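Here the chain labels run A, B, C, D, E and F in written order, and each chain numbers its own residues starting at 1.
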Amino acid sequence: MLEPAIHAEVLIEALPYLRQFYGKTIVVKYGGNAMVDETLKMQVMQDIALLHYVGIRPILVHGGGPEINAMMEKMNLQPNFVGGLRVTDAATMEIVEMVLAGKTNKAIVTLLNQQGAKAVGLSGKDANLILACKMESPHGDLGFVGEVITINADFLNMLAEQGYVPVICSVAIGPDGASYNVNADHVAGHIASAVGAAKLVILTDVEGLYRDYKDKSTLINEMTTQDADVMIATGAADRGMIPKLEACITAIEGGVPRAHLIDGRQAHSLLIEIFTNTGIGTMVRSS
Amino acid sequence: MLEPAIHAEVLIEALPYLRQFYGKTIVVKYGGNAMVDETLKMQVMQDIALLHYVGIRPILVHGGGPEINAMMEKMNLQPNFVGGLRVTDAATMEIVEMVLAGKTNKAIVTLLNQQGAKAVGLSGKDANLILACKMESPHGDLGFVGEVITINADFLNMLAEQGYVPVICSVAIGPDGASYNVNADHVAGHIASAVGAAKLVILTDVEGLYRDYKDKSTLINEMTTQDADVMIATGAADRGMIPKLEACITAIEGGVPRAHLIDGRQAHSLLIEIFTNTGIGTMVRSS
Amino acid sequence: MLEPAIHAEVLIEALPYLRQFYGKTIVVKYGGNAMVDETLKMQVMQDIALLHYVGIRPILVHGGGPEINAMMEKMNLQPNFVGGLRVTDAATMEIVEMVLAGKTNKAIVTLLNQQGAKAVGLSGKDANLILACKMESPHGDLGFVGEVITINADFLNMLAEQGYVPVICSVAIGPDGASYNVNADHVAGHIASAVGAAKLVILTDVEGLYRDYKDKSTLINEMTTQDADVMIATGAADRGMIPKLEACITAIEGGVPRAHLIDGRQAHSLLIEIFTNTGIGTMVRSS
Amino acid sequence: MLEPAIHAEVLIEALPYLRQFYGKTIVVKYGGNAMVDETLKMQVMQDIALLHYVGIRPILVHGGGPEINAMMEKMNLQPNFVGGLRVTDAATMEIVEMVLAGKTNKAIVTLLNQQGAKAVGLSGKDANLILACKMESPHGDLGFVGEVITINADFLNMLAEQGYVPVICSVAIGPDGASYNVNADHVAGHIASAVGAAKLVILTDVEGLYRDYKDKSTLINEMTTQDADVMIATGAADRGMIPKLEACITAIEGGVPRAHLIDGRQAHSLLIEIFTNTGIGTMVRSS
Amino acid sequence: MLEPAIHAEVLIEALPYLRQFYGKTIVVKYGGNAMVDETLKMQVMQDIALLHYVGIRPILVHGGGPEINAMMEKMNLQPNFVGGLRVTDAATMEIVEMVLAGKTNKAIVTLLNQQGAKAVGLSGKDANLILACKMESPHGDLGFVGEVITINADFLNMLAEQGYVPVICSVAIGPDGASYNVNADHVAGHIASAVGAAKLVILTDVEGLYRDYKDKSTLINEMTTQDADVMIATGAADRGMIPKLEACITAIEGGVPRAHLIDGRQAHSLLIEIFTNTGIGTMVRSS
Amino acid sequence: MLEPAIHAEVLIEALPYLRQFYGKTIVVKYGGNAMVDETLKMQVMQDIALLHYVGIRPILVHGGGPEINAMMEKMNLQPNFVGGLRVTDAATMEIVEMVLAGKTNKAIVTLLNQQGAKAVGLSGKDANLILACKMESPHGDLGFVGEVITINADFLNMLAEQGYVPVICSVAIGPDGASYNVNADHVAGHIASAVGAAKLVILTDVEGLYRDYKDKSTLINEMTTQDADVMIATGAADRGMIPKLEACITAIEGGVPRAHLIDGRQAHSLLIEIFTNTGIGTMVRSS
């Protein structure tokens, strides 16, 4: 058991951050190991519930690649990726949607509710939350892979004002009523921008962004959107990090002051990022 | 094209019903052919949207047996029923939930939104909407088959006041966080009771309830909850109708003035039931 | 009795119009035969009540020439018209006001309340609803004939938000506190403009506007305010239609999207105009 | 011009009454000379406007016998009274309604609006404000003479909350939609009771109630409802005072703390009654 | 006892002023004899309570020089003034604050509450109401004498909307958390400007401003801010009147329509200024 | 610097308490060393600000004995205590009020505002917050020593809803307008009861209550109000603890679930009591 004085020290160090984010929205992109490891999973849920209870309005966005693959396997279907994107034919899209909206999303909602956070699970179809169009790809027809066009921020703000925590999966609705598979990082970036979030936090499976992704000693603490543009253009960023960087750029260009890539493998990294003086991961800000 | 005078006649006949149900909630249990036939499906969605636009607050409840079976088949799993109830082991429950919350529910939401109704899809896990416990069955352990304990009416009322149409699938949350497969008719009955609905309307694949279900000439126009109790107790009702009758009893004992079993195979039977002088199907009222 | 399917067809055809006019204001100028024939009268009241119940906000404006003449006759006074306008001396104005505000208005209010519409009768004096000044006429002094200057839209909006249907007679208040006899068509046009109505509908005793008012085959389905200006300037319009055309122009120049001249002799022409695909009468829109 | 000190003395003497009636409703029955004499009329309107501006909610109720008689005369009709009540056939009722709702009422509204009081004129038909039934009389059939059954207090409270001053004439609506001529004193008593007024003030043409109405030295300053019952039963009260006493009894039995019969011939008697220590007229309170 | 007619005359003369100031804020600088003489004191409290009850929102600002000096004397401290300003070392500031916020302020609050006005006493520290900086003086270091920088108008408006009367003493908070002694006239001027008052009224111990302060026959009835600037610059104003004139200028340049210097020695001069046609004292308006 | 993991551990341990006290009021009696030692003082202010930012509504109550004595000394007055109570003649009461309301209270307000807590300082006179009567003492006339009669909870709740932190000194108002010196512990107990607080926390200069106050090893962790009654009756409690125990009893009998006597000398003991599993001090609960 910790010394009482330690408790006090930590809580008081959190005070300026409590003040800063009171009543503000923080969009969290949930993914990677933090979605797989049972202990990490519970810790993220505790973190979100804590944000909720200290008067911050969290919005959780998630995808769910591994569970989709597992389900496809059970149905003897072969996942097919081109340029890092899942080729999504109608049969695949059906599975993507069922798994994300019917399984992953509801499991997160249940965990959050157990922490007392009044969570409501949503897909991009509910209240036309995420409108998308078909993505044109240089790699050929990717099927129902979509790009975000607009977010129904009114609906999210209404839920937040009523004290609910939205949990959103990366399934969008097309103008034609078709389901689209959209990148969850991108969704998080667009939502952060649409609701005027105070922060976008993306949980990853790395410490942050490396200047040279092959060299762990080159972790970047802080960068601008311009730096991010350059890293994407020059291929300096690891391919898996590109949509995450793009999401940060979308958010910041939409007026979000700060976006963070943090290590979801570290216990309670979300709380540490928000409530301590210790900067962790990589922070992106306006140029 | 109809004569203008016909338009006027119909609209004016609807006037007293518009007056009666203005601002009231009507719970609709959606199921059977109306969920399978593309034309009927669209017609129900138009009916719900119309209710929404004339100031009535519809809540849609659905299950989805055929789609669950189809999905199980794709996964080489064998549905197993005992006493009319699906034996729901963990693997089956996962499929039930995915199909209902991730596929059927979102498809209905999309159709309603295309009709302009601002629909929001929910499972019983969202905001702890439907709390259930494990059902004890004389037929042995049925696994994750549950019975409804309570409904979070506050959440539904909040959505209704904000102008959203809730679409709810029959998946419940247990006190332990487990998913439960609950009967959709029962869910509709409990919701009607919890939100103080003005009507419960259950769409079926028959004209209504028959005094003798083997004789189509014995259709019952109106009955009391007492009559319903007797029909259940004496086995006079067709087994498929029993949960529907039970839902009507739950609703009416919970204060809902009228419950209706109507023929979902008839085009726009919902509108006809609500807005015309022609009684259709079987109406259940308090003894 | 109509077939149930007919009911459904009509209601569903109305759906897009329900959606379009939900929460919007429609100003109806009530007059002519529809105010005299008992059956037509009741039908208009049903139509207004129906608009009220489907979430549309109707405002009714009326004059009442025949009843004024009848009352003058009882009092051995001779109506006197110059250039189509009633010469309104003090004695006549007293009768005009008594008949419109004390008899015609209250009779309409009673009929609407019997249809469940929560009607409130108003003259232009209540809450200074219609402010007018004396009309200068080339035909000499017309006495208390006035022209509308401004409308107290706040009061009408307040009543509408509280769920009341305003019924307004064409008596205005002058800056000096005198009563003024104003043209009811003009009042309707100004009110439609002031409250930001979605439609102005004027009930007449003809099918609509004719290009040549002596030739019934020249009915105009749709025209612009520019066309209307021309018809007034060239004398192509029947004199009785001129104030109605002017009201349409006032409304549309004030931002109302559409104004309609429809046949009040046709049963429920108001509902048919609003809720069916069948265009009736003459529609005026912006040039 | 008065000394400044006098101003101060008067205003300060008013302070405890301002405090006592702040936000409360005072129902004023307006009638007699105060409705005929131009100077008195204007003074009553100033008094009502002043009540409005110091945060009190006035409601004005009026009849209008002399103007009805004058109009009947113009139409060569003979007023006919039995037991002090106007025999009201259909032709008479039409005139009563026209005069009260269309002439007297609107004239009062205009005067109040000129004093800045945002007045709205109403008859008992508007929003079904005064519901009445036919009065059964020992003197035979009196035609459309009615007795008040209920008041729509919600509508009056809504107007008061929105800052409007209701001006109500004594025409009621029957359950059948017919107009009824009701006693204005009675209307005032019922309204005071229905809206929970803090006071009912009835303007009369006498100083107050006399113990012996033939002896002016027997003015009663204060009496109970029991005293009033006795005076009515024993015939001690002048016949013209009976409905006024009945109105006081209705109000006080309905929970209004005090009812007053004051001299409307005295300039600003309303203000003097409310804002000074000088008791004037006759005050009726609970036994 | 005054004649009833006098009461009526005074109340009716007040009517246009009641109308004009309804719902508006009037800032009153309380000081001088009116704060010392027991009778005058009670009269000012009655005046403020009356403003409160007629729907005006009063804000009272006060200093308290004589009480500070008396307390310093008790503590054997010598007041020290330079150029009319109290040299305020730390010990003096402690006494200033204690006396103003702990004694004078609470005594005023008590008197107002006894008149029914729901008063709340505040210093410039509460809710950071008055932010000040150290005053730079040509006369050398004056210690904790401050100049007003900003007013927290939101807090005052919130109290006013909730029906409370703020009573504010002239102690301010510095950015460093130190207490500052600020001129109460200046505070009143800044508050009037910040809350958008309809009037600033400063109670003085003279009749008003004299063109030549040695000649009582030169009382100024009305002047512009330009005139005031000239009088300050040319030394034509008595030194004690300079901060009062400056406060008037601050208020009027901040958008307050009128500022008044009135004689606090005259009974109820506040009511007389506001509610009568008799202009008293000196009125300052925009150039 | 602490390890990030430590931060996370502490914050997560706080989660259930954040949940439990969200939107609830906690009344803190501030006194003793925590009011004298500069470091402790600042820590209490941080604690209160933190409560404010995590959605808890703190109310601070304080007395100020040592500062009163110091001020009396400066004025050559001799404090005089009988039975532990300050004999409070008029001169002493003036000093008590000035020091508490004008010095101590404002100093606390300033410190809280520097921590961002929007504090508003109040005495029992503001909005008639604390109504008291003269205390009858067996020790003779104690002058202006009072006992709390009622609390104006509406005013405190209004401030809390608007986001302000009330800081209240132990000066009360008598029905006659006199100031009364009341025990600050008692005030805290009455306020906790009146506002329906979730907790009363009293900061003391001891670890808590000892079963035998001469033996530090007999610290009581938890006791009932019955135990407290016994300790007071039998003289087992140290005299200084009696009003604190009485305050706990008042609070708990008024419906407050828990009252705590904690050690104000321990850094951040308030946060530790509220947000950790470590019970500190003595907790009192219902018998």
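The rule is simple: a residue touches a chain if its C-beta (ideal position, glycine included) is under 8 Å from a C-beta of that chain, and two chains touch if they have at least 3 such contacts.
What you see is a predicted model, and the numbers here were worked out from it, not measured in a lab.
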{"item": "If a chain touches chain D and chain E alike, it appears here", "value": "none"}
{"item": "Labels of chains that are neighbours to chain C and to chain E", "value": "D"}
{"item": "From the options A-F, A-B or E-F, the pair that copies D-E, where over half of the contact pairs coincide", "value": "A-F"}
{"item": "Centre distance in Å when chain A and chain E are each reduced to the mean of their C-alpha atoms", "value": "57"}
{"item": "Chain centre separation (chain B, chain E; CA means) in Å", "value": "69"}
{"item": "Residues of chain A touching at least two other chains", "value": "none"}
{"item": "Graph class of chain-chain contacts, one of line, ring, star, complete, other", "value": "ring"}
{"item": "Traversal of the chain ring from chain C via chain D", "value": "C, D, E, F, A, B"}
{"item": "Chain F-touching residues of chain E, taken from the complex the two chains share", "value": "71, 74-75, 94, 97-103, 105-106, 109-111, 113-114, 118-123, 125-128, 155, 158, 162, 164, 171, 173, 177, 179"}
{"item": "Of all residues in chain E, those that touch chain D in their complex", "value": "1-2, 4-15, 18-19, 22, 43, 46-47, 49-50, 53-55, 115-116, 266-269, 271-272, 275-278, 280"}
